[in-house]
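So, here come the structures, one by one.
Here chain A shows up in two complexes: once beside chain B, once beside chain C.
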Partner chain A sequence: MTELRLYILQRVTAFLMIPLILAHVFVIFYATSNGLKAGDILARTQGSVGWALFYGLFVLLAAIHGAIGVRTVLREWADLSRTTASIASGALAALLFALGMRAVIAVVMPGGAL
Partner chain B sequence: MSLPIERRRNTAYRHDGLWTAALIHRVSGILLACFLPLHFLALGLAIEGEAALGGFLRWTESTGVKFAEMGLVFLLTVHMLGGIRLMLIENLPWRPGQKRAAMTAIVIALVIAALFVVRII
Partner chain C sequence: MSVDRDARDSQLEVRVWRGGDEGRYQPFEVPRRDNQTVLDVVTWIQRHIDPTVSYRFACRVGMCGSCAMTVNGRPRWTCRTHVSKVAGDGKLEIAPLANMPVIKDLTVDMTPFFEKWQQADGVFTGSATRHDDVARIKPDMPARQAADAGIECINCGVCFAACDTVRWNSDYLGPAALNRAWTLANDTRDTANSERLAAISRDGGCHACHSHQSCEQHCPQALNPTAAIAGLKRLSMKAFIRGEIG
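Now for the complex of A and B:
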């Protein structure tokens, strides 16, 4: 992917995440107001298509945004070549997406288990 | 031993407030990228059932962890506000008062993080 496309993708993912982050911070405040309980979290998320879509989209955007950001840092601060930085950031994107989707499945699947 | 003058890098820009704002944006992004896999792994404990996630969440009740969570709320908020500031600079005509805008973003993030820790302690 060209540098320009990565640059645009970084901004698009950032823009799309603004409302998601605001909602996430609001949920963090709400969820921790009476102590963070697993039962409370799962009661809100399990079986909810809305939360599955919300967190699924959030994970996808964060994986792309985080990986492109780390790629820029690796290029500028670690002085890695374009290829090496791209491979490392691609691996990070895959890791974040896989772990993130696993977490989404864990909290939204009815019963919690696969 | 100091470098000869022709090889010294000019680092005067590091005294600029907006350079500090850019550094905070970058470092907060790196720290969030490091935290995210751990966050996902912790939530993934729910695959093993509510008890596994509950066991982890009991660990988060200690005061030290609550202050670490305050740090995470600050990182997320300051990174988002710093990103909004960056996109406004890139897409709108340059406006004066950029340092004040950057400082406001940092102060808002600090206030939100402080409100968070006051609520949970």
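Now for the complex of A and C:
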């Protein structure tokens, strides 16, 4: 992928994450100010297609956005070549996505899978 | 106050870089004068103490862009930098510009700096011939005003030396070359804009800029290359959407 495309992809993912971040922060404030416990939250998220899509998309966007940034850091500060930095940041994106999706599945699957 | 104290107070403690990329600072004592520039100090050292000190200057009035050096850690045009402004404590440390290979002492090899102007397609490409009328450019046109805002660059290399991204990424074109590309992108007579946008969108192009704004902070001409680069990012994004560049 060209540098220009990576640049645009990072900006687009940032733009798309803005409403997700605002909703995520709002939910945190709502849950804590209303004294919701883990069980109350899981009761709302488990089996919810909406929350699965919301956090699934969030994880995907964050993995892409963060990995592109880390790729630049690796090139500039670790002096890695373009190819090496791309492989390393690609692996990071996959790891972030896997870890994030594991958490999403844990809170949305009925009965708390994994 | 004793006479000795007066004499000591009127001396500048100057440390000048000697050697190439590897070297050391050499201390000099230089008489302090009213309205003395950093370039005056270096010239005094060369004429009165050590004629082998190498440095570069030409116009001495802030037009030619030859005399930039690192003064007390910051890149500056030395002919227009008053000692009183930068050395209140009477101490000066003068080094060659950063981010370029040192030839000797205070003289750097500016080849990489100027090569990047070429790589950024920083050359005007027109379609008119000598038989055509002079193009009529309205000064209040937004594009002309954008070009005018960046046109007074004197190629001194201060922004290039101040830029973190240049230091970290040897492929990065740097603020001056990209500022030049931006002024040409806003020149309605220029006919090579697609090629230029492709040139500044490659690896090391405008998208590598982190907007630290050191270029704007240090530019002796008070230009804002960061804003120019932001403009190029917008233009390249539009060109990408139109399918002109990939």
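The definition used in the following text is that the second predicted complex is superposed on the first by the 110 of 114 C-alpha atoms of A that agree within 3 Å, B and C clash if a C-alpha of one lies under 4 Å from a C-alpha of the other, contacts with A are read in each partner's own complex, and residues count from 1 in each chain.
Assume a residue touches a chain if its C-beta (ideal position, glycine included) is under 8 Å from a C-beta of that chain, and two chains touch if they have at least 3 such contacts.
All figures in this text were calculated on a predicted structure; none of them were measured in a lab.
Of the two partner chains placed by superposition, only chain C is touched by A:Arg75; chain B is not. Contacts of A:Gly66 after superposition on the shared chain: chain B is touched, whereas chain C is not.
Of the two partners chain B and chain C, more chain A residues are in touch with B.
Once chain A of one complex is fitted onto chain A of the other, the partner contacts of A:Ala14 are limited to chain B, with no touch recorded for chain C. Shared interface residues of chain A, touching chain B in one complex and chain C in the other, do not exist. Taken together, the chain A residues at the contact with chain C in this complex read 2-5, 7-8, 72, 75-77, 82. Within the complex, the chain B residues that touch chain A are 26, 29-30, 32-33, 36-37, 39-51, 53-54, 57, 60-61, 69, 73, 76-77, 80, 83-84, 87, 90, 112, 115-116, 119-120. Contact residues on chain A toward chain B in their complex (touch as defined above): 11, 14-15, 17-18, 21-22, 24-25, 28-29, 32-33, 35-39, 41-42, 59, 62, 66, 69-70, 73, 92, 95-96, 99-100, 102-103, 105-107, 112-114. Here chain C touches chain A in the complex through residues 165, 168-169, 201-205, 207-208, 233, 236-237, 240, 245-246, going by the rule given at the top.
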